[in-house]
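As structure tokens, here come the structures.
Two complexes are shown next, each including chain A; its partner changes from chain B in the first to chain C in the second.
Presenting the complex of A and B:
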């Protein structure tokens, strides 16, 4: 994956190249849907029903759209946790851990400010969440840079440590004694809960995700810092030769990546759960990995891909209810899409249609 | 049949259904057909918690004028809110059964406040009078069934060592461990129960490890309180140990090793609720019961269980069913030598103190933290 980043153009001047980046993923998606249709047909279900219900459940009504966007919101942020370090050629898959630590830190911030005004509490929660998640992934980056520990393994293992910390704190020091059979922390307070975007029922996490994705895109493709990161991602020795501080790049990028996932965790507490408990470990961090890879690690492409996956998840319920398909069928579709998109990587630059204009 | 005609027809059907759902007033829709939504946190065929609820849903499907829609593996996040709304908006569901404990706060509460004309029935017994009136929460005193199963376990053990694979040291789980152990001690006062906590509700690998480690320590009868007992039951049977089941009847998984088990009886409760609902009566917001109310039941005894054990267990079951028997009756000592329930104190099923249980009774080997 990593070697490709320098080839990614900033969606801009090279019209043919840009078209290639739209047509090939679209083809991969289309063929995945066809394959999934065949799969479903082999179970005796009508694939046309399948496509209709998928459309209806994901985008067919205003309610379905909100359902899709609600599910997409945390995925944009957790996908950035993988997509940002990927610019440096790092494969971080521990967004789930950063989300949990961010959620815990945010909860802690709210609980130590019991009588502060809600706006202050929310800002403190967001900062604590981002700091917590950021430091968590920075730990992986530091282990990689200073000790040569593989960041993929370390970030994954840190997820389990984060989960253990969550369970320990929620069932121990931070536990609300009234939460008898569902160990939870005290509530962050109804007044501090972040509401929905006006006119919708989608929480503000979606907007934060969009902003974070756009900022990440600008950072990576339109700043000197981002250029340095991509140089280091392309060839780390070359980057060192030209005098780039690779360690600093790694730590900062990892912090930003973790901060995005930490913010997702903060939103889960402040907009959804209202407290920290085991419900937070819902797998958004892991789904984010899928989103980042499908988006080919482009922070901007993360947005439509997250919405697509949100839509697939939203329609999954309808497939279960109308077609009597098991929940796992949605996983099959996600897997097929994943493989098709990765396989389609080999098609880039091979079709003369795109080449003529691109060069 | 071209793609065009089918998709257009489907589209029209779908649009019509949507329009219909929106146009019909909530009450009016009931007479024709009531749509009931079931939501499970795990898979419907887990031989455990979720399968027990799915069996209840299956009982509703046999009723006339009832349509059941189901969704499995819905996490305890805003995903369950959206699933409820999707069932309401796209399927026209008017009664919902979000069956996982963690769905209640805040998700069921939020949806109940948003859809005041619809009914939400949650499993867990969490409703208080501060909560919306159109929400309800029911639960069963399954420790009664565990107590009866414990009697059988006490009879069957040869080593005197019983094993319990448990998820978390929370009151509901501790109550099952204690009730099972107290039952076993009725049959054999010397038995001990070794308990292992796996830390979460669905940890198949740890459950298998715990089962093996218990058997290595000489345990010969095992039970569990996890979401899907399949792993524990199959592993125990493979290693030659006996089991008493939990949630549903697992006899098919281990016909010889399965002695009996504590089961939910949702296939009795759900039709009862739905009859109240369709008749326009109010389902009680807070609804709990045990063997007497037929909310829990004991699995039929396995072939290996001798007559004496059956007789004693049936005796306890009969008294529990009659309501003339108290499991947690003082004096009860905890396993640290302290007094859990003083002499002369009798804690009946509805005693709120039992909801806060934080000890393991004497004879249980293990710690709550």
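Presenting the complex of A and C:
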């Protein structure tokens, strides 16, 4: 192995670092697909069929592309919920909770504005969703800063609390008595639904996600605020020494993170479900954690990774129909990818090919 | 309802008591196991996945062999495997144990749903219960005192683990690895190996905790079986200050909180039922708020633990 890559020309110091961040995750992704193929083969399915249908269901046709992009939209936003606090060195895994609270707040906003013009209702829904989700994650940030409560655990506990609030409101005070089999809130109104991007079946939520990701990237890498956040993430003592207000950074970043996931919740209500019900807890929040880690917490890299993961999600249906695989197979593959990506962290800085002049 | 069965409002505390014993068992096993893992200096957030895998494996083996106790053993071994996976990956340099835990949580839940798909329909033999209420005529109290042997095993395990941690050579080695990896290394022990064993032990107990869910209470296998018991138990270890005996007390407290909703529902008070379901999580959060501090590390926290640093 070592003799082999000594003969290869070095990538050079300029591209070496960046290439490493693409090659290693790609390698982890590839080996996860191989592992998943072996797993599926052990149940007597042909792994080549598996890869074919996965490709077909994700990117094979225009129809599957639209399905993929529709699922990628909330994933971009929930991934930001993990990626933004990660700049401060925080591990937030409560995107699912912020999504649910955002969805509830957005539904509430639409229900209190029954006769307002649709544009106003949509703006109110988006603002309410972002505020709800933002405050939800900001609570985790505040607990971390003021009380030293571990944010990973508190944000996950808040997911279960959000789920209980959703079930309570949907089956209690906000319930539409006409929804018998699946308890739901009243509809937000057909006129208020966010439409599709012209010429496609993909709703405008995808654009929300893209804009949010680009804005996050600019905020983190091209503003003083983002620079301060990254300083605090690198070394919290150094940040305090140079006079940064770490508490303010934590609260604002956590609010923005939760607002992204809350917007995803608003979108699922206003573009997909039309009302709040248990369908909202579809796991986008959890898959978003994976997207953020696979993108190495970079807000721009979140976009292609979310499309990739959206594709894997989208292919689940086809795998179920053609190969008779359980719907949980998508979860297994996501889990394998997640574990492989984390394990691949150990490879960074080990291969001299990426270092330019070998050390 | 009349005569001997009518105990009025006493129904609520009795139901909470019975519920606390039932519901606390998975909390107890997961937190005891995680307590040992964390004392060795590593945190395994993947126990939610381990719990669900254990529930699935226990149910499956009990169904296939007809013996629920073999199911419990299989659940433990499955959990041990999950623990070995976590420790094996975390043993690689520059790998973050918290992130790997999150990964394994999603992986374990997904894998359990995948493998457990054919197990939703069939009914597996369940664990028997021990009737400790033979002396009373009140049916509610009798029901509350019908206790599973696993609970008693867990109760016995807590002081044994405390004793083992405090006084045995094995306990000293685990604590050394948790307080200072360098010191353990200087004594000639492999820190990775110690943590591998501690994580496997934690996984074993978490798997057994999962088998209780599928084989006793609620006593069936489905995809909504666990709702965060695994992660709540991890928080509970922090509350219990890494002390197995306090884990026992905390588990019963949490079990009681979780049993409050069903107990109120049993007397016809069903308004806000779903909010009561959130009680254990809210309680966990409140306890963490009350006991954590931003200024100092927690008393009793293993110094090598990444979550308290």
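Please note the rule applied: the second predicted complex is superposed on the first by the 340 of 359 C-alpha atoms of A that agree within 3 Å, B and C clash if a C-alpha of one lies under 4 Å from a C-alpha of the other, contacts with A are read in each partner's own complex, and residues count from 1 in each chain.
As a convention for this text, a residue touches a chain if its C-beta (ideal position, glycine included) is under 8 Å from a C-beta of that chain, and two chains touch if they have at least 3 such contacts.
The structure displayed is predicted, hence computed values, not measured ones.
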Fit or clash - chain C, chain B, common chain A: clash
Chain B versus chain C as contact partner of A:167, first or second or both or neither: both
Which superposed partner A:196 touches (first chain B, second chain C, both, neither): neither
First (chain B), second (chain C), both or neither touched by A:279: first
First (chain B), second (chain C), both or neither touched by A:235: neither
Touched partner set for A:31, first chain B, second chain C, both or neither: neither
Contacts of A:70 with chain B and chain C, given as first, second, both or neither: first
Partner chain in contact with A:326 - chain B first, chain C second, else both or neither: both
Partner chain(s) touched by A:147 [first = chain B, second = chain C, both, neither]: second
First, second, both or neither for A:335, with chain B first and chain C second: second
Segment of chain C that clashes with chain B, given the candidates 55-63, 199-207, 217-225 or 289-297: 217-225
Chain B and chain C footprints on chain A, overlapping residues: 167, 171-172, 326
In the complex, chain A residues that touch chain B: 48-49, 51-52, 56-57, 60-61, 63-64, 67, 70-71, 167, 171-172, 180-183, 203, 268, 272-274, 277-279, 282-283, 313-314, 317-318, 320-321, 326-327
Chain A-facing residues of chain C, complex: 45, 49, 85, 89, 92-96, 98-100, 102-104, 106-111, 113-114, 117, 223, 227-228, 231-232, 234-235, 238, 271-275, 277-278, 281-282, 284-285, 288-289, 292-295, 307-308
Residues of chain A that touch chain C when the two form their complex: 91, 93, 143, 145-150, 152-154, 156-161, 163-165, 167-168, 171-172, 286, 289-290, 293, 326, 328-336, 338-339, 341-343, 345-346, 348
Complex contact set, residues of chain B against chain A: 3, 6-7, 10-11, 14, 18, 43, 69-79, 82-83, 85-87, 89-91, 101-102, 105-106, 124, 168, 170-172, 199-200, 355-356, 369
